[in-house]
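First subunit A sits with subunit B, and in the next complex the same chain sits with subunit C.
Up next is the complex of A and B:
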């Protein structure tokens, strides 16, 4: 069993899989070769804008705190600027710098080893839970902890339990408190519950989280409000609003990356002995893009090009738009699904999945689109030829007969 | 797998060769293939397991340096130097190398690409390709 035996790929011959790999390698090589001053100017410009927004926001809030005249517009403007600064820092700068997208610049500050971002999760833990666990095991059930963040049931093959009836509420809480949920993500609460976590490592991680949380709370809810003097409560509220805006935005963008209809999940068996070409295929089918203008893409850290980000996580984010044109053409050429749509539709589909999967499978229908019908008859294996798969978490099949069996067996 | 970083001096000793076993290895001889992508993507040192610094060091054979494709994960410069010193005099194939090395290459870089093995490659190990080389030197070890 390999990724290329997944139904969406069975029309590809091994030679075509290799050729897709070569074409994607060429895209990577072209970007690496042309990477240079213009890209460096881009990230430096983003950092300047972000720092300008943060400083402007803090200044407006300070003005609003000390002066009664023009307080309301100053506070509204300050909160909006601060919220935008936090979004820009987390999404387009922090996330991408920590992927090593800008390491080639050899900049002492803009480097994956040094960057510490403006959110509660320590950078080191994020690089483990996101860069490694999520990007290496993208959408592999039982491995990728980003599937529902350990809180939500996001795949029909996850066993249903009455606790999931509360999923709409957990989802709202996750969105609102997103940075705190992410802060605990690398602790892996499931492994702690099962007693599988090394206590020494857990203690080390908890200390790191504690330090980071003290720093974040100290900055947003003690130091800046203290500077705000008589308007300290106003500053606290403004900082909370900016953090809330960042939480909701980053939650929505991240959920649009892997949970709209068409983004597939995989099994442990499917990634065994995976070649680079097969790894590429898994990234394409496991991710979903969304469409929008340049500003939307910048504010979402260019994660609207989630497929391209998963194919090339360490290439500069400002190049994903041009890469996407070539990747999309490649997918059309080889009849490979390329999942994309407007942001509202992609998030709507993710939200619908959250609502539906709060219920047992037999009460709902799958929304996964059927794989595209290849125009040529070049199949490698029929369903009957494939070995049976497990039906619980970790086992995965796209066939409707499998769903029917799951419904009977699990609910 | 958790990172579980340890200072170089606290690394466990290999029972056969009595040298420190790096974070990325299952023994002094063998690299643990599960640790390789972890070090690459988590950006942790393949020797001590702590977050990488700048510059990043790669340790390997002169051939690997010539091909700009290393198999041992990235490391701190200090860790790489300490490891070479600790392994001086070991007359065995170590750190995932197929044969004993007298000359080692130690390169430093600002960044690297992590390249998974393609279907046509006989050697199925992923490689690390430094993309902004800062220095390169040869270390000749006296074999025991």
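Up next is the complex of A and C:
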């Protein structure tokens, strides 16, 4: 069984699949060829705006916490600017830089190898769990840990358990505490619970997370409040509000990427001997776009072009809009489903799935036809069991090797 | 004055690391450089203050470096310069031609436009004053010793004059010009960089003798003629800088005389420390080529020998242009001994050597 047996693809001949692959390769080549000064100016402008918002927001909050006059508008404006800055940093800048979308500029200050983002998860672990595990194995059960993030049951193929009755609550918690959920994501709690995780690797990751969290919490909840003097409590509240806004927003955008109706799940059997062309097809069928204006797309890190992002994770995000026109035309030509809709509808569908799948399958009806369900090993895979990474997903390397780590321990 | 002392002893690194508590995960410099591009020591930067034409195809760039720059380069060293062309930073190394001065606020590099050299042409012809460039700290051991030896010989070809110029300017500024003979080859008088300044130096200092050779008219220097030009060349400490073939000939000539210890060459190649890897066969998967490489040969050099179109930039581990995907096998960073061997790990080929067999995606 291969992806060619998935119902949505059975009408394609092998020659057509190859042709689709060539056409998508051509889109990549055209964009790579035309990357230039205007793209570099775009990301630099975005970074300037984001840092300006962050600095302006902090300044407004400082003013608000020291001065009685005009406190309210200053705090409201400061919180909004800070929240916006965090959203921009995580979505349009951090996520995309860490994919290697801007590595071509050869600028070490905007490079996937050393970008660190303003959230609790260390960049290195994000690049592993996201660039590799999620992007290469998109929506493959047992391989892609992003299906429900180990907390939610998001596919009918996942076995039901009474614990999923609490799913609406878990969902609300995940949305509120999203950055902390993401921080623990690469640890893979499921494998830890089953005792399958290498304890040395776990210790290394925990240390890394601890270091990052100390700095993040120190900044928002100790240092700035301390500088806020009489308004320290106000500062804590404002910073928490900015973080919460970022959590809710990024949670919603991310849930619109793979959980609306029409975004399919795949099985281990379907990715056996998968060719590059088939990988492309799986990305189209496993992702969902949403529609909106340029500002919405920038604030969502251009993830409204989730399909294009999954086809070309390392091409600059400002080009996804023009890529989407070509991808959509290609999908129409070959009768391949292209899932998109307004943001509220896409998120509404994801939310409906969360509610429905909290119950056993026989109590609810599927909203999209599920692929046939052969018996399978439901266990979470380790890297050793996953195929080696693809190169176009954005790099991921560890800061130090095991022996270097232990050397340092002796000092 | 206690106040002045306090100012002088401000521990800037401590202040910066305290500031980083406010800006984490970014650095304070990431914000400050938005106010003034030179206010960052994360990546060394400089602003081009002046572009002075030297000849038709060469120009001197006067650059004002930003934070983190120490004006203590040794005369003869080179710096890396990164310029954004079409959105992409391109890196090259050029010798500093200005003399090091503590009071100075600028450095000068002199660049000759090469017919096929995208960046050198851009630097000579297309760089506006005010442009912000990236810099890499001075490196290289082709330097003037302090104190200088009593008798020196400079053999220079073309734009190889720049590091030597920094040495001569230093000797001139210190007023300690020893017995120096310089032989300078250039295709034509017009293409001779620093022609007037060198002539003035020769006028001013009795110890400085300049021989110019215009190779378009008179042909290349035959090293056998050295015995006439500078009969005591065997007793002199010699610095040679110029095109590769010239340096090869010089090296051979000095070795034949058994005095290669007195010869300093500038080839613009990376000096690597460490023990090297153990070597192995490197396979370039997409081009279907492979080559046997020892542990001291970088993957980049090996790839070039094998005829693979390897990407490269600074060739010293700064710019990441050369980064390729290591599909399998292991490589060692020749600078510090770190090993990289995760499957499909991106590695910098200019500073790594194979540890056993490995495969690259190119």
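The rule is simple: the second predicted complex is superposed on the first by the 368 of 411 C-alpha atoms of A that agree within 3 Å, B and C clash if a C-alpha of one lies under 4 Å from a C-alpha of the other, contacts with A are read in each partner's own complex, and residues count from 1 in each chain.
To be clear about the criterion, contacts are C-beta pairs under 8 Å (C-beta built on N, C-alpha and C of every residue); 3 or more make two chains touch, one makes a residue touch a chain.
In this text the structure is predicted, and so the values were computed from the model without any measurement.
Contacts of A:117 after superposition: subunit C is touched, whereas subunit B is not reached. With both structures placed on the common chain, the touch criterion links A:36 to subunit C but leaves subunit B unconnected. In the superposition on chain A, contact is made by A:131 with subunit B only, not with subunit C.
Applying the stated contact rule after C-alpha superposition, one finds that A:322 touches neither subunit B nor subunit C. Once the two complexes are overlaid on the shared chain, A:275 sits against subunit B while remaining clear of subunit C. In the superposed model, A:55 lies in contact with subunit C only, and not with subunit B.
Of the two partner chains placed by the overlay, subunit B and subunit C both lie in contact with A:108. In the overlay built on the shared chain, the residue A:18 is in contact with subunit B alone; subunit C does not reach it.
Contacts of subunit A with subunit B, set against its contacts with subunit C after fitting on chain A, overlap at residues 103-106, 108, 111, 113.
By the touch rule above, subunit B contacts subunit A in their complex via residues 2-4, 37-38, 41-44, 51-56, 110-120, 131-132, 134. Interface residues of subunit A facing subunit B in the complex, by the touch rule stated above, are 14, 17-18, 21, 25, 28, 32, 98, 100, 103-106, 108, 111-114, 123-124, 127-128, 131-132, 135-136, 197-198, 200-201, 274-279, 314. Interface of subunit C with subunit A (complex): residues 21-22, 24-26, 30-31, 34, 42-43, 82, 84, 86-91, 313, 318-321, 323, 325, 327, 338-340, 342-346, 361.
Contact residues of subunit A toward subunit C in the complex are 35-41, 48, 51-52, 55, 58, 103-109, 111, 113, 116-118, 212, 215-216, 218-219, 223-224, 227, 388-391, 395, 397-398, 400-401, 404.
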